[in-house]
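When the chains are written out, they are named A, B, C and D in that same order, and each has its own residue count from 1.
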Amino acid sequence: MLSIGVDIGGTKIAVGVVDEEGRIVASTTRRTPATDPELIEAGVADAVAELTADHEVAGVGVGAAGFVDADRRTVRFAPNLAWRDRALAAELEELVRLPVVVENDANAAGWAEYRFGAATDAAHMLMLTVGTGLGGAIVLDGQLIRGAGGFAGEIAHMIAVPDGQWCGCGLRGCLEQYTSGTALVRSAKRRAESGDPLLEPLVAAAGGRRKDIDGPLITTLAQEGDPGAIDLIADLGSWLGVGVASIAALLDPDVVVVGGGVAAAGNLLVEPARQRFEREVTAGRHRDMPSWALARMGNTAGIVGAADLAR
Amino acid sequence: MLSIGVDIGGTKIAVGVVDEEGRIVASTTRRTPATDPELIEAGVADAVAELTADHEVAGVGVGAAGFVDADRRTVRFAPNLAWRDRALAAELEELVRLPVVVENDANAAGWAEYRFGAATDAAHMLMLTVGTGLGGAIVLDGQLIRGAGGFAGEIAHMIAVPDGQWCGCGLRGCLEQYTSGTALVRSAKRRAESGDPLLEPLVAAAGGRRKDIDGPLITTLAQEGDPGAIDLIADLGSWLGVGVASIAALLDPDVVVVGGGVAAAGNLLVEPARQRFEREVTAGRHRDMPSWALARMGNTAGIVGAADLAR
Amino acid sequence: MLSIGVDIGGTKIAVGVVDEEGRIVASTTRRTPATDPELIEAGVADAVAELTADHEVAGVGVGAAGFVDADRRTVRFAPNLAWRDRALAAELEELVRLPVVVENDANAAGWAEYRFGAATDAAHMLMLTVGTGLGGAIVLDGQLIRGAGGFAGEIAHMIAVPDGQWCGCGLRGCLEQYTSGTALVRSAKRRAESGDPLLEPLVAAAGGRRKDIDGPLITTLAQEGDPGAIDLIADLGSWLGVGVASIAALLDPDVVVVGGGVAAAGNLLVEPARQRFEREVTAGRHRDMPSWALARMGNTAGIVGAADLAR
Amino acid sequence: MLSIGVDIGGTKIAVGVVDEEGRIVASTTRRTPATDPELIEAGVADAVAELTADHEVAGVGVGAAGFVDADRRTVRFAPNLAWRDRALAAELEELVRLPVVVENDANAAGWAEYRFGAATDAAHMLMLTVGTGLGGAIVLDGQLIRGAGGFAGEIAHMIAVPDGQWCGCGLRGCLEQYTSGTALVRSAKRRAESGDPLLEPLVAAAGGRRKDIDGPLITTLAQEGDPGAIDLIADLGSWLGVGVASIAALLDPDVVVVGGGVAAAGNLLVEPARQRFEREVTAGRHRDMPSWALARMGNTAGIVGAADLAR
C-alpha cells in the first residue's frame, strides 16, 4: 500500500509517494511560505493533489520541525514556522480528504532509518541528527518514543555543562551548544580569532575571512586531511560521545545512528564519538557496546519516515 | 491469579505471595548469605517452598540489585552479591519447579508504583529511588524500559558534572554523587568539617561527633524544621531536579515518582526538585509539566513489582 | 606637587590636574577619535596644553583600556582603540614635553582607590570593576601588580566554568561571562525569553520589549525592591564571590573593593558576593576574612590614579 | 654571612647551615614528634645547637607546612602538626638565642628556586610543588607574596571545577583534586578499576594489585615509555596548565617552576602543562609566554630558602 510523506522545511516543502519498502515512487516540491500557516497548508494540499492524481494512497504523514502532540494531530510549537497550537492534521484532512498524521521531523527521519536504513537490525535505536542544530529520535522495542506531550527526543537540550554556553532555548549548557553544526562553526571562528595556528589552513581556505568559515568548508578540509578541521570535528564528536553515554545509562540502545549535515564527515565524527562514549559510559566492562552507524536514508528520510508512520 | 515476588537485598531475602491487585497475602524472609550464589538460591527456594505449601501460584518474579539481561533470565553483574553472568532464572526454576523471571530491583519497585502505587494514572513514568544510591525505573506507554542488555534506567550514572566527583563506577560526575543518601551524608560531613555554622545543630544532634551524622538524622532534623538539615535536603533535591530536566528532554514523562529512604523527607526533597526542574527543563513555556509524587508502595514495592512481572 | 591624569575612554578623553591628596583642581575633556592613534595623541596633547597653561605639573599619567607593557611606556594591544605595540609614552612626551607614564585604566582606577578611596587602610587590595566587562587591579604591599608584560589583573579571564560560555577573548568560561554588565543583561534577556515569571516586571519596565532591557534599568528596579532584578544582581554577585574566593586562595587580600557601573547596585551586589565568598574560600575557619567595600572615587578614579602614578 | 634553615616535615626535621650562595655547608636531622609542639621545638633547638657549635650564624629560618602569619612569627594552623596559633618564632628564639623567622614550607622552597635555582632570571615567578598535595609560591618583583594573613599561594584551593571533586578543605573542585600526587594515584586506581585497557601494564607492574599503585610506580613506568602511565601524567599536567592559565591572567609571571615529587616525571608533566596553558591563557597572541622550568634545588630547597629568608 502506498502512502504520502511530507517534509516541511524552512525553505521547501518536499512531498513523496512511498511504497512499503520505503522507496519513493513519485515526488514533488513547493516553496515554504513561512509566515502564513494557511499558505503552508495550501502548498501541502496542492502537492498532495498533484501526486494523488496518479497514485492511490492510504494516508499522509507530515514531518515538521517543532513539538507535536502525542496524538500526532496538533503542532504545539514550531520555532521556525508560524504554528502555535495548530490543529494541523485536521486542517489538512479537510483539504486533502485523506487521513493525516503529524510527526516531528527528526522523529520521522529516525523512523525511516529504523525501518529501512541504518538501524533495521536494532531493537533499541538512538538516532542523532547533527545538522544546524542537534535532533534526536528514539525507538525502543519497535516503538517511536514521543513522550507524554510529544516532547521526547529533545537530546539537544540535555544539560551537558552546568552553567555552560547559553542556548537559544533559554537554558545554559545544552548539549546542542557543544555538538551541532552551529557549535562547529562557532568553535572554528573563536579558535581562529584567538590565533590558533592549527586553524590557519582553514582560515586560508575561507579566503582569509574568518566570518566565511562554514560547516561544509570544515568538513571538506577534514576529509582532505587538514589537522585543524579534523580536530574541530573530533571535538564535536567527543561531546557527542559524552552525551550518548548519559543517554545510554538511561536507555541502553543497541544501535546509535548519526545523521545530519555534519555526518558528512563520516568516521571523522563517529570514531571520536564512539571512543569517548566507550570511555564514559557506565559499566563499560559489563555491558555490550552499541554499534554505531551513519544514517543511510539521506535527505529523503523525513518523507519516507512520515509516509511510513501514516500507514 | 497469585504469584510470588522475591526481593534479594544485601542482608535479607524478602518473599511474598501477591494477588492481582498488588496485595501481599502471605510473606516470609531469609537472611542473605552474600558470599555464595548457591546458598542465596537455596534460601530463595526454601522460602518459596514455604509459601507454595499454602498458596497456588503462577510463577516467581525475582528482583535483585544489578544488571539483568533483557531476557530477564540472567544476572550479568550484581555489585553487592556474588553473581557474575549467573543463569539465575534457570537455576531457580530447577529448584522451585515454577516459571521464574528476574528483574533489576529498582525496575521491580518502579513497576509496582506504576501498576498499584503513585503512578497508576501515568502513561510515561519516571521513578527515582533516592536511597543509599540512586536508582531509576522508566515505564513508557505501559512498557518497562530495559534496554538492549537490561542496562536501562541507570539514572545514577548520567553525567551531571563533567570532571566532577569520582563515582564508584569509575566515572566522574555521575548524578548519584550529587543526589543520593551517600551524597547527602558526605555533603553534611564536609560542610560540618569546614565549620559551616548552619550545620551546628546537626552536629550537636549527632552528639558532637561529625562522623555519626547519618541520613535518618538529617531527615528527622529537617522535618523538625532545622534550617541546616532542610538546606542539605533541598540541595539534594535541586540536583535531582536538574537530572530529571535532562531526562525529561529525552523522554517527556507525565509522572515523576520519588522513592527511597531519602524520600522520607517528603516535600522537603520533592519541592526543591520540582522547582529546579521547572526552571531547567527545556521548552518550559510550551510543555505540560509532569506531576511529581512520592512513592506509595513502601518497602514491599520490590516484592509486589517482581510478582506482577512474573504474571 | 601637581600632576596630570588622562583617562582615554571609548568616546571621551578626560584630563585633570590632580594634587597630592588626590583632588582634581582643574579638568577638561576631548572626544575620542577612535580610529586614528595620532589624532588621539593630538587630543591628549591639546588637553594637557590647556591645563598646563595655568598649572605647573610634574608629569602626565595616562590610563587606557588594554595591555600596557611593564615599563609603562608602550601599549601592547588596546581592543577598542587603534593601538598595536604603540610607543605611547614616547609619542606623548614628544608632544607635551613632560614625563609620561602609561597604565591600564583599571589599574589606574584601582590605584586611586588604594591611595585615596575605599582601600586606604589596605595592605593588600583586590579591586574588581564590574562595568560592561570585568576589570581588576591588585595592590600587594603597596605595589601595583603589573606582571612581566603588564598583563596582570586580568581577573575577567580567569576560568570560572570549564567549557562554559564563550568569551570574546577566544576562551570558554571566563569569569567575565558570568559577572559583568554584559553578562547581567544577557542573563536577563535569556531568562525573560524563556518566560521566567520573576522577570515580568522587568520586561514591563522595558516597555514590554525584552531587547530594551539594560543594566541601569535592572539596577534601578533592584533598588526599588523588584525581586527579579534583585535576583539577577545577586546571581552576578554570587559569581563574583566565587571568583574572589579563587583569587584569595592565591593572594589573601585584606580589602576587596567593588566598583564599576553595576556597583551602583551597592549591597545588592556586594552582599551576595561576600556571602558566597565566605562559603567558598578555603580555610575559612582559620583565616581573617577581608573586608568588602564599594569604590568611592567614582568616574574620576582613572584620572586620579593615573596622575598619582605619574608622580 | 651564614644562616640556618629548618624544614619541619611530617617525619623529619632537617636543619642546615647555608651560605650566601645558597650552599649547605653543614646539616643534621631529628625525627619529628608530631604530637607535641614543645618536643618539636626542643628538637629544632637541639639541632640548631649542634650546628652553631661549629658555625657562627646570623639567624634561623623555619619552614613548616601550614598557615604562617604575615609577620612570620606565628603558625596559625598546621594541618599535620599540633600547632594552632603557636608563637613559634618567640618560643624558638627563647631556646636558640638567635633571631627566628617562620615561613610556609612551599614559600621557603619557592624562594630558594627564585634566589638560587630555576628562577634566578625571573622577575615574577610562580612555583608549583606537585607532591602529595599541590603547593605554591609566588614571587613578584623580588617580593615573596604572603598576603594579609600569610594565606597567599594556596594554589591548591583555587576552584578548578565548580561542584567538582570534594576536597579535604571542605570545598568542591579544588585544583589539588585534579593535579597532585594524590589525584594521580586516585585517577590511576579508578581507571584501573573500570577496566581501562591502557592501564593494564601499570596494574601488572603493581603485581596485579590495584591498591598497590603509587606515584613513583606511575612515574617510573611513564619514563620507561608506558602509554598508560604517560597518559595519567599528561592528564595531571593538562589540569596544571589550566590552573596556571587562570593564575597568569591574574599575575602574568615570566617564569613558572614545577617541583615536587611528581615533577620527577620531568617533561612528561611539564610539556602537557605548557601546551594546555598556551591554549587556555587569555590574550595568548599578544602576551609573551612565560618560560617553564623544573625545580633544581631538590629536597633541600626548604632549608636553603628558609635560611635565606632569615638573613
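For this structure, a couple of remarks:
Quick note on the criterion: a contact is a pair of C-beta atoms (placed from the backbone, for glycine too) under 8 Å apart; a residue touches a chain by one contact, two chains touch by 3 or more.
Since the model is a prediction, treat every value here as computed from it, not as a measurement.
Contact with subunit C and subunit D alike is made by A, B. The interface with the greater number of C-beta contacts, when B-D is set against B-C, is B-D. Farthest from subunit B, judged by the mean position of CA atoms in each chain, is C.
Rounded to whole angstrom, the centroid-to-centroid distance between subunit B and subunit C, based on C-alpha atoms, equals 52 Å. Distance between chain centres (mean CA atoms), subunit B to subunit D: 45 Å. Contact with two or more other chains is made by residues 161-163, 169-171, 194-196, 284 of subunit D. Residue ranges of subunit C in contact with subunit A, taken from their complex: 161-166, 169-173, 178, 186, 190-191, 193-196.
The residues of subunit D lying in touch with subunit C in their complex are 67, 70, 76-77, 123-124, 136, 138, 140-141, 143, 145-162, 167, 169-171, 174, 242, 245-254, 280, 282-284, 286-288, 290. Chain contact summary for the complex, subunit D toward subunit A: residues 162-163, 194-196, 279, 284-285.
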